[in-house]
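Both complexes below contain subunit A, partnered by subunit B and then by subunit C.
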Partner chain A sequence: MNNPLRTKRAEWLVTLPSFLWLALFFAVPAVIVLAFTFHGHDASGGVGAWGMETWRELVDPDYPAIVWNTLRISFEVTLWSIVLALPCAYAIARMNSKWRGIVAGAIMLPFWTSFVVRVFAWKAMLHPDGWLQACYLVLLRTRAWLFDWLPGFVQQFLIWIGMASAGPVDPASSTILDSEAAVVLVSVYTFLPFAIMPIYTAAEKFDFALLEAARDLGAKNFYAFRKIFIPGVRQGLVSAVLMVFIPAIGSYVIPQMLGGTDCVLIGNKIFMRAIQNRNIPHASALATLMAASVLVPIACAMWWKRRQDARDRRRLEQQTAKLIVAGVGR
Partner chain B sequence: MNNDFLVFDHVTKRFGALTAVNDVCLTVTKGEFFSLLGPSGCGKTTLLRMLGGFERPDSGRIYLEGKDITDLPPNQRRVHTVFQNYALFPTMTIWDNIAFSLKLAKKPKEEIEERVDEILKMIQLADQAWKYPNQLSGGQKQRVAIARALVDRPQVLLLDEPLAALDLKLRQHMLLELDTIHDQVGITFLYVTHDQGEAMSLSDRIAVINRGKVEQLDSPAKIYEAPSSRFVASFIGDTNFFSGEIVSVDGDYCFIQCAGFPQIKAYNDRALKVGQQIDLSVRPEKIRVTLAPPPPEKGASINVFPSKVKDIVYQGVYTKFWLDSSNLRIAALKPHSRFLLDQEAITWNDDVFVWWHPDDGYMVPSEE
Partner chain C sequence: MKRSLFSVAVLGFVLAFLYVPILLVVVYGFIPNGITMSFFDAHGDFTGFTTKWYGQIFSGSRSVEALLDSFWLSLTIAGLATLVSSVIGTTSALALHRWRGRLQSIHHALVYTPLIMPDILIGISLLMLFVATKVDCGFWTILIAHVTFCVSYVVMTVLARLQDFDDRITEAAYDLGAGPWYAFFHVELPILLPGIVAGGLLAFTLSIDDVVITSFVNGAGTNTFPTYVSSMTKHSRNLPSVFALSTLMLLFTCALVGISKLLTVNSQPKNKGK
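So, the complex of A and B:
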């Protein structure tokens, strides 16, 4: 048992099945997808000869906008999910164990119904005669009204990044069904449990006496929440962001059924290329692009974080050294 | 005016059917080291939490420097707490932990730096300032918690069993440090403990609490030598109780009859009358145990009873004797010293004499 070599081997044996599983069903397909992108396609829907034509085809004027929209919407969905999940997780962690079980169960309840059925239910709720449509119009009008107050260049910028459009709200053409708002709304609904759970797990381990200590030292409730609770559940927050952002980027069913022609995301494009156009290499290239658009920012963030940590550590060492030199230390 | 710096005015707190704090009236003087002492569950923490603003009393008011603070939220009271488990912020460095309240008070940057560095020097942790709390030892965390609560000079510092998590040696060391810190900063300390040793060695005054009520409020010596009730006498240190009735009064002294025991002479400082039921408390260290009877010139005025040694427990500083005297168990303490070596050693089942001066017994009202 204490023999390190034997422990090592035991570890290997235990992880081997999951390792094989991942290799077989994740790594190998990923490599195949990457390989497909360096092939052409033939008219019958097969994979053609080696070549760079697929990557050349990818220079489509539509794609940058679609990638940008996908990233922007995923970001919005993540933001809203986190904003809603944080107070939820906080509240659940503070409940007594009986209520905790009930509420956690209620959050998981939707998973007992098929996802597609739930999306259809949303389709009914978002019907143009429904109350959600009325709310949507109020929201749009408020936004248009606020938009008018903004200086011109900000208006231009918002239009440019696709966050707003000029002109008055036309109730006939502004339906919430088949709009970006519907996609964001239903995506937040779908991903919210995945945001709540990791934060809640972290919050459960959080020592709430720390909030009392902060208030005791003069902090208002919200300040204590922001400065003590949020950093305290940082690990959970990071998982929550990943748990929402990554599936949101690959999201396909929700924009397909609720986004209409208004909101086409990269997932829909991949589907279209693979099934309708029967162009597997092209779909593979888009999928690769999508994966890269997630992995590259995460890699950058990790690199930046590591650099930041190293710099912090250096700074702390210097400061301590300075204090000791100044004769403050004992 | 200074005398009613902090006032609890008939404060009561209930949790359901349980009355955790029952009609407590306390007055704390400015700059005082004041202790709340009582057994577990007697309501000490609840009392502190009401002062900190974390619980609202069901009735009664709390005044600080003449101002009614009963309904103020915690962040609007200049009252800081040192929590039992320290509650240091794990995501902040020691320096940031200590600077927390100063930053909240929006003090200028230079002042914050100056004051944090100053207090770090005081707690001798300047070289640890950039560590995180989980990199410190228990005693160091304790000091940081105290510094964090003291740095913006609160009106009162509350300490809820701050030393409970430390081992004995460290606790003794921290007791001294607490005392020094109190002398240096001159802030009023309100100290909660169930350890009578801690309370006795630090406090200017102690309030002994039992089941939510203040039993006695006095200086440590008074509480030890002149307890106001049987509970106080037994909670603070060890004691022997002799329950009985006063059968005669002779000037300043009276005689007490306990069932099956010879009459005991005791100082009657409260001028109690014949027929009253009382408990006489005699501390073990006031009782002497000898093989020979006491010298006759003393014999007339003191209490002397023949007994048998039942048990002897060596405790380092002294030896504890358990004695049987007319069916009563008596505990007595005897110090060790070379001067006592020429006496014959006492062992199990020896027939001995126990004796004490009538002034060393203290009568408290009987509790029945």
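So, the complex of A and C:
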């Protein structure tokens, strides 16, 4: 090939700007963070000598609870987002192409206002005198009533994992603002479009005649939706889960502005340690933990996708083999 | 075609859920009392609407000076970050598209990993870099951080455009005697431009909206619009001016989107006639 741009020198020349930039400002900082976790900290806010003390201090009763809270809340946010996104994506995909464009645009449009301003509008909406607070109290009372009906060991378990608390609802101390519920609500609000879009993209390619066929064969609507539609859009579903779960794990502004003192997540703790307390090694260790909690689900998703692909390929091979055998037999 | 009522109902609910806060942003820009953030006075009487916050913004009055300063800083940083990340992102996409090999697989990993990392990790790791190298945080550190997280998004958008790119066009340019630079600027770049512009727009919106990464690397006293707003939410009597400014931004972006939609609609028949 006589293309003058395909030489090794040209490759380096074109690759270098982004390669150097990202190596210097993304890869090197990541290594520095990891290195800092193997240092102690000194009282003046600096980084102390090498040692394992930071990792030993991480068992501090505070941290495991915060990591668990972050994972649990991210899981809740992901669940709600997917539950709401699935019917939305389905509804949009079934519209005609003109409406599809309009509604899909309308879902992304809120992103053209500042994120902080939107969160702040929520803060005003969740004011203790507002109607959302009244709704929240009704919800809490219903939940307390349902909780009383549960068997004792289930109650104990729910209290243990932090999903419920015993006792009657006290309206004065149960404000939705500065609570975990506010964080979940506004996180779902923020991340929902990121859940709808990938599922919608997958649903657009889905062949809806399959659903009609399932109904003709006697399947109920919901059964067909669960058994045909959901597996049909599973690729979009996996990216939707990641698109919500990852930013939810890294969430920091929403719990900061709406979570009060009740709801402190890893992100807030990192900020606190890095900026306010100047405890650089602790902040680094927490950041490492957060990176791990993001990379594990991604690795799982990749492993799952590879397994699915392999299974699809095997099925195709078997079918081809059968066809060949049938062909030879004839 | 049979349509499920349930899913349409959920969609309606979700759209309302997404738009009520936006509506409130617009309404709150007309609140007379910036301390209580209520349309009612102490006696429970309706106080009416006011446009004084808009007046303050347009006259550049002292009370909104810091807010406007932070807004201009945001625009400057977003503009510069867009420019730098578009250039770096385009070369990166070209490299990833044109070559395969060990260098490109490392390059690929470097470009993709920032996309799957939460913002806050990019923020904290850059802060650690600046701590380790004893660099003072300020305008330049914010700019570096913004370029870093924008580059990957530009690369993705330009790569998508490159996927439809017919490499034979470049080959044809070479055969007709074009040099590599001439071929790039007169053949490849014009074809890639829509992708680069789309990537640049994405970079601009990400940069102007970022609060997490900026709050790690801004140092003391340098505030972009989002970090300034989140700092003034605690104790400020000028909150409606934030909402008024946001309403103006919203109108501006809606107009921009509308114009670009009109332009694409007008250019559609031309594309069809190929």
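The working rule: the second predicted complex is superposed on the first by the 267 of 330 C-alpha atoms of A that agree within 3 Å, B and C clash if a C-alpha of one lies under 4 Å from a C-alpha of the other, contacts with A are read in each partner's own complex, and residues count from 1 in each chain.
Keep in mind that, in the parts below, a contact is a pair of C-beta atoms (placed from the backbone, for glycine too) under 8 Å apart; a residue touches a chain by one contact, two chains touch by 3 or more.
All values reported here derive from a predicted model rather than from experimental measurement.
Student: May I ask you to decide whether A:261 touches subunit B, subunit C, both, or neither, giving the answer as first, second, both or neither?
Tutor: Once the two structures are laid over each other on A, A:261 reaches no partner at all.
Student: Determine, under the contact definition given at the top, whether A:97 touches first (subunit B), second (subunit C), both, or neither.
Tutor: neither
Student: Figure out whether A:287 sits in contact with subunit B (first) or subunit C (second), or with both, or with neither.
Tutor: second
Student: Once the structures are superposed on A, label A:212 by its partner contacts, choosing first (subunit B), second (subunit C), both or neither.
Tutor: both
Student: Return first, second, both or neither, reflecting whether A:112 touches subunit B, subunit C, both chains, or no partner chain.
Tutor: In the superposition, A:112 contacts subunit C only.
Student: Is it subunit B or subunit C that touches the larger share of residues in subunit A?
Tutor: Looking at subunit A, the partner in contact with more of its residues is C.
Student: Please work out whether A:27 is in contact with subunit B alone, subunit C alone, both, or neither, and reply first, second, both or neither.
Tutor: Second partner only, subunit C.
Student: In the overlay, answer first, second, both or neither for which of subunit B and subunit C A:19 touches.
Tutor: It touches subunit C, and subunit B stays clear.
Student: Which holds for A:298: it touches subunit B only (first), subunit C only (second), both, or neither?
Tutor: second
Student: By the touch definition above, which subunit A residues appear in both interfaces, subunit B in one complex and subunit C in the other?
Tutor: 212
Student: Under the stated contact criterion, what part of subunit C meets subunit A in this complex?
Tutor: Residues 1-4, 6-8, 10-11, 14-15, 17-22, 24-25, 28, 37, 87-89, 91-92, 94-95, 98-99, 103-104, 106-107, 110-111, 113-114, 116-122, 124-129, 131-132, 144-145, 147-148, 151, 155, 170-171, 174, 179-180, 183-184, 205, 208-209, 211-212, 215-216, 225-226, 229-230, 233, 239, 242-243, 246, 249-250, 253-254, 257.
Student: Contact residues on subunit A for subunit B in the complex?
Tutor: 207, 209-210, 212-220, 223, 228, 231-232, 234, 316-317, 319-320, 323-324, 328-330
Student: Under the stated contact criterion, what part of subunit A meets subunit C in this complex?
Tutor: 2-6, 10-12, 14-15, 17-19, 21-23, 25-30, 32-33, 36, 47, 84, 87-88, 90-92, 94, 103, 106-107, 109-118, 120-125, 189, 192-193, 196, 208, 212, 221, 225, 242, 246-247, 249-253, 256-257, 267, 270-271, 274-275, 280, 283-284, 287, 290-291, 294, 298
Student: Which of the residues in subunit B end up touching subunit A in this complex?
Tutor: Residue positions touching the partner: 52-54, 73-75, 79-81, 83, 85, 87, 89-91, 93, 100-101, 104-105, 117, 120-121, 124, 126-127, 129-130, 148-149, 152.
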